[in-house]
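Okay, so here's the structure we're looking at.
Chain nomenclature is as follows: A, B, C and D, assigned in order of appearance, with residue numbering initiated at 1 for each chain independently.
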Amino acid sequence: MLNRSWGVTLIKLLTYLATILLVILVFCLAGFIVIQGIGFLNKELFKESVPLIITTLMVVGLALLIALPLGIFSAIYLQIYTNNGRFVKAMRFSIDSLNGIPSIIFGLFALSFFIYYIGLNRSILTASLIMSIVVLPLIIKNTEEAIKTIKVDQIQGSLALGASKFTTINRVIIPYCIDGIINGVILAIGKIVGETAAIMFVIGTASVIPHSFMDQGSTLATKLYLIIQEPTYSSNGIGSAYGIALILLLIVVLLNLLVKLVNYLFKKRG
Amino acid sequence: MKKQVFFETLYKLSIIFASLLLLLIIIFIFLEGFPALREYGFIKMIFNGEWQPTAKNPSFGLLYMILSTVVSTILSLLISIPIGILSSVCLVRMVNAKIKNIIMFIVEILAGIPSVIVGFFVLKTVVSFLYDHFYYMVGVSGNSMLAAIFVLALMSLPTIITVCVNSLEAVDPMYTEASLGLGANKIQTIYKVELRAARSGIFAAIVLGAGRVIGETMAVMLVSGNAINLPKNLLEPTRTLTSNIATEMSYASGLHQNALYASGIILFIMIMIINIVLLVLLNKGGVDNA
Amino acid sequence: MNNIFEIINLNLWYGSKQALKNISINIDDNCVVALIGPSGCGKSTFLRCLNRMNDLIANCRIEGSILFNNENVNSDSYNEIELRKKVGMVFQRPNPFPMSIYENVIYGPKCQGLTNKKELDSIVENSLKKAALWDDVKDRLHSSALGLSGGQQQRLCIARAIAMEPDVLLMDEPTSALDPIATTKIEELINELKKDYTIIIVTHSMQQAARISDYTAFFLMGELIEYDKTDVIFANPKNSKTEDYITGRFG
Amino acid sequence: MKKILSLVLILLVCTSCKESSNQLEVSGSTSIAPVMEKLIASYEKDNNVKINLTADGSSAGITAATDGVSDIGMSSRSLTKDELKDDLNVNIIGIDAIVVVVNKNNGVDNLTIDDLHDIYSGKKTNWKDFGGINRPIVLVSRENGSGTRDAFEENIKVKTDQGISLVDSNNPVIVNSTGAVIENVAQKEGAIGYMSLGSVDDEIKAIKLNGVEPSEQSIIDKKYPITRDFYLVSKKDNKKVDEFISFILSKKGQQIMENEGFIKVK
C-alpha cells in the first residue's frame, strides 16, 4: 500500500487523524479534571492535602530509592553481563509478565506477606516497599530498552579500546542511556502517585502529617479513593475528590520537571 | 580494580534480589490459588461460566470473565496501539518540537492520573451518553463492555505513546538518510524503515500497554457494570477477571479467596500468552537489529 | 561528453556559518570525479547538495543554481524525490536496512510502485551482479543484511543504489570504514561502474583519488581551489595551495 | 551509592520490631470508617493513645481482629456463624438506616418492601408499574459481601435458599463505592439504588419506604423497615480497647455518631 501514491496520502491522513484524536481525548480528560476540580481548590482543601502531599512524596521517594538502583543494576546485568541465553530470556519474560499483574494482587501480597507473615506494621514504609516491587518491572524494562538503543558500535568501540565492561558501563552506557532511564522514572512516578489498590490495605487512612516512615497516612490517590468510597469523608463530598485529583496532577507535573531538571544538570556537569 | 569487583557483584546481587522479589509474588499467587484449582478443578473453573462463590455449594466458573478480559483487552489494544503508534510517529517526525513538547507534557501527566478519576471521566461522558441513547432497552444501563474498552484504551495510551516516542527518537538518522537517498518519500521512510528500526521499542510499548490494560481494576469497575455474563454485545455490562478480584477480594475467605487467587494465576498465564505472541511477532518480522 | 552537472555560484550557510563559498564547477557524465581537501573544507557538504540531502538539516540556507541535465535542482518547484531517483548516494558507514538482503535491494524500486515479482527478482540479480556481490549472497538472499561483513554491506548499499538505475552515484568516503582488501574491491567496482554511471566520490586518501578518478576537485575552507584532470592536479597543479596539500605540507 | 544502600538496609531492619506501646489498630468496614475517624480524633484529644485506621471492608476487618493484626475490627454486617469465635467480643455502637434512592426526575417517592422485592428480583422492570414515567428500571447494587448490600437484600428477601441473589441475573450496575452509587443514580433517570442514610446528598432523591420517611425519629420508633447495626469486633480483656469502646458508647461518643447521621444505641 505504501508503494502507491494514494496509499501514502492515506497513511499520512491516518497519522494526522490519530494525533488529532489523541489531542482531543487528552485535552478532554485534562479539561474534565480541571473543570470539575477547580471549584474546590480553596485554601481549606490545600491545608487538608498537605499531609497527603507529604505522604505521597515519602512513598515516591522511598519506592524509587529502592527500585531505581535495583532496577537499573538488574537491567545492566541482564543487558551486559549475560549472553542472552535461554535462562535470561525466561527471566526477562517473567519480569514483563509481572507488568500485567493487577495492582490489587500486589496489595494483597503486601497485606499477607509484609503484614501477616513478616509482621511489619501498616505504615508508609510497607506501602513504599510494595510500590518499589510494583514499579521494578517497569524500570528494568525501560532501562534495558535504553541500553539497547545505544548504538552497538559505541559499546563495541569502548570495549575495543580495551575498556572493561565496567568502565564501559560508567563511561558509555549510563551517560548515554540516562534519557531512557529518565523516561522509566517518569512512568514509575506516574504509577506510584496514581496507585490506590496496591497500597490501600497497608497504608491506613490517617490524614495527619506523618513524622516517620513507620507512621500511617494516606496519599493523594488513596484519600481520593476513600472519598469516592464514602463521600462523607470530606465536607463537600465527591467534589473534593476532583480537587485532590488536580493537586495530584500538580505534584506529578512538579516531580516530572524535577526529574528532567536533575537529568539536565547531570548532563551539563557530566 | 576493587571498585569494579564491588560493583559487578552489586549488579549480580541486584538481579538476584529483584528476581527473588518478583518470584516471591508469583509463588504467592500460585500458593494462594492452588487449593482452589485442586479442589474445584482447573478445567471446571475455566470452562464453566457460573460464578456463585457464596452459595451453599459454591461454583467458581470463570469462563465468562476470562472471555470478558480477552475481548476487552484485544479490542482496547486494537484502539490504543494504532492511535499510539501513529500519533507517536506524527509527534516525532511531522510536528514541530514546540507542539510535540506540549502534547507530551500532558500525556506524561495523564500517565500519572489515578485510574479512579479516568473511570469517573468515562462514567460521566461515555456511560451517560450510552444510557441517554439506549435507555429504552431493558438491561442496558450505559455501563458496558464498550465503556470498559474506552477506559482501557484511554489508560494505556499514555504508556504506549511515552515509550514509542522514546524509541522512535532513538532511531539512527543514517537509516533515514539511506531511505531518502533512494528516492523514498517521508512517509515511506518512516513506516518502512524507521518503524522497523525502532521495532523492539515499539513492542516494549505494546507489552507495557497490554500490561496496563490487563492489570486495570478501579477504572473498569466504575464503568463496566460488573455483571457477569457472556460478552455477546458491547452494550451489555461485563466483569473482567481483574475487576472480579478487586470487588470480591475484600470480603472473600477460604475457598472463595483461593478461587480469586486462581483467577490471578489465569491472568498471569494470559499475560504470558500475550507476551509470547508479541515476541513471536517481533522475531518473525525478520531481522532484529538490537 | 555533455555536462551532467553545472554548478554556478553555489553558496551554503549553516545558520550564520558559511560552509560553501561561491562554487562553480561543471561535471561531465560517465566519469569519476574525486573531491579532496582537509576535513571540514566543505567537500561532503557540496556532495550532499547534489541530491539535496542538506534539506534535512534545519537551518541550512543554499544560494546559487545546480543544474542537473540543465534543470535547476535548487528551485522549490523541482521535486527532490525525482532528483534522488536519478542521483543515488552511498554513505561513509555501511547502512543496510534491518531487513533481508533481498528487501534491501528492492526497497528503492518498490517505493516507486514496482511490485511485479519477476521484475524485482531480475533487478536484484543484476544489481548484485553489478556490485560484485551476487556470488557471495545468491543462496542467502532472504537472510539478514546485518549478517554481512563491512565490505559486503557497503557493496550491498551500492547495489541498492544501482537498483534505482540512477545517472549519478554520489559516494561520501565509501571506503574509510573498510579494510584494505574490501577497499580495493570497492575501487575495482567503481572502475567497472564508470562505464554506466557518473561517480562523484569524496575521499581522504589522495592515492585513492589518483587511482580511480578522471577529474579531481580540491576544496579548502569552503572554496573550490582547483578542478582539472586528475593527472594534471597530481603532476603539476596550477594553484600553490593545491601543490602544498598534494605534497602533504598541510591539511 | 554505597551510603544510600546501607541507609535502606538499616530502615528495613529497625522496622521489623513490632510497636506495641500505646497504639491501637482499627480496620474494617468502609461505611463505618468516616464516623470512626471523627471518633478517633476526639478520643485522641484527651487520651494519649494513637489509633490507626484502615478502611478495607467488613470481612477484612473481622479477619484482622480475629488474627490479632488489628485490635478492633469494624463490620457493617452481622457476623456469620463461623466468624463468631468465643475469644471475640462484639459490640453494637450504632444503628444505620439503609435508604432507597432514585433519580431526582423520577416521580415515584414511595415504595413498599414488596415493590423493592419485585424490582430487585426482576419481576417488574418498568417505572410505569409504580406510577412513574415509562422507562425501564436500572438496578444499582453494591458488590457481593458489602455490609450495606447484605442488610438491604436480607430485608427485601431476594436471596434464594441456595444463598444466590436474584439481583445478579438482571444486569444490575454493580459498584463498590457509595460515590459510584450516587453518580449512577444521578445520571440515569431510570436508576434505583440504596445507601446509608448519612451518605445521601442533594444530587439524588431518597424515597419513603412503606410510607415512612427515613429520619432519625422514624428509625428510633422502629417504623423505618431497613436498618442495620454497626459492630466492633475485638479480642476480650484488652484494657485499651475496652476504654475506647466505652468512650464510643458514652454520651460524647454517641453524640458524634448522631452528628454523622447515624442512630444512637444508648
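Here is the rule we use: contacts are C-beta pairs under 8 Å (C-beta built on N, C-alpha and C of every residue); 3 or more make two chains touch, one makes a residue touch a chain.
Bear in mind that the values here come from a model prediction, so they are computed numbers and not experimental data.
Participant: Can you list every chain in contact with both chain A and chain D?
Facilitator: Chains in contact with chain A as well as chain D: B.
Participant: Average the CA atoms of each chain to get its centre, and name the chain whose centre is farthest from that of chain C.
Facilitator: D
Participant: Could you let me know which interface, A-C or B-D, is made of more C-beta pairs in contact?
Facilitator: Higher contact count goes to B-D.
Participant: Provide the C-alpha centroid distance between chain B and chain D, rounded to the nearest whole angstrom.
Facilitator: 33
Participant: Roughly how many whole angstrom separate the Cα centroids of chain A and chain C?
Facilitator: 48
Participant: Could you grab the centroid distance between chain C and chain D? Build each centroid from C-alpha atoms only and quote it in angstrom.
Facilitator: 79
Participant: Find the geometric centre of each of chain A and chain B from their Cα atoms only, then give the gap between the two centres in Å, rounded to an integer.
Facilitator: Roughly 16 Å separates the two chain centres.
Participant: If a residue has to touch 2 or more other chains to count, which residues of chain B qualify?
Facilitator: 120, 124, 172, 185, 188, 192, 246
Participant: Touching at least two other chains at once: which residues of chain C meet that condition?
Facilitator: Residue numbers touching two or more other chains: 111-112.
Participant: List, in ascending order, every residue of chain D touching at least 2 other chains.
Facilitator: In chain D, the residues touching two or more other chains are 56, 60, 176, 180, 183.
Participant: Examine which chains touch each other and state the graph shape they make (line, ring, star, complete, other).
Facilitator: other
Participant: Which pairs of chains touch each other in this structure?
Facilitator: All touching pairs, sorted by chain label, are A-B, A-C, A-D, B-C, B-D.
Participant: Going by the contact rule at the top, pick out the chain A residues touching chain B in the complex.
Facilitator: Those in contact with chain B are residues 2-3, 8, 11-12, 14-19, 21-23, 25-30, 32-33, 69-71, 73-74, 76-78, 81, 91, 93-106, 108-109, 112-113, 133, 136-138, 140-142, 145, 148-149, 151-152, 164-167, 179-180, 183, 186-187, 189-191, 193-197, 221, 224-225, 228, 241-242, 245, 248-249, 252-253, 256.
Participant: Once bound in the complex, which stretches of chain B touch chain C?
Facilitator: Going through chain B, the ones touching chain C are 172, 174-185, 188, 192-193, 196-197, 199, 286-289.
Participant: Can you check the complex and tell me which residues of chain D touch chain A?
Facilitator: By the definition above, chain D touches chain A via 1, 4-5, 8, 11, 15-16, 18-19, 25, 27, 30-31, 33-35, 37, 52-56, 60, 67, 69, 176-180, 182-183, 198-199, 201, 260-261.
Participant: Spell out the residues on chain A that touch chain D in their complex, using ranges where they run on.
Facilitator: My answer: residues 62, 65-66, 69, 115-116, 118-123, 125, 200-201, 203-207, 213-214, 216, 226-233, 237-238, 241.
Participant: Please name which positions on chain C make contact with chain B in the complex.
Facilitator: That would be residues 51, 53, 56, 81-82, 84-85, 88-89, 91, 93, 95-100, 103, 107-108, 111-112, 144-146, 157, 160-161, 164 of chain C.
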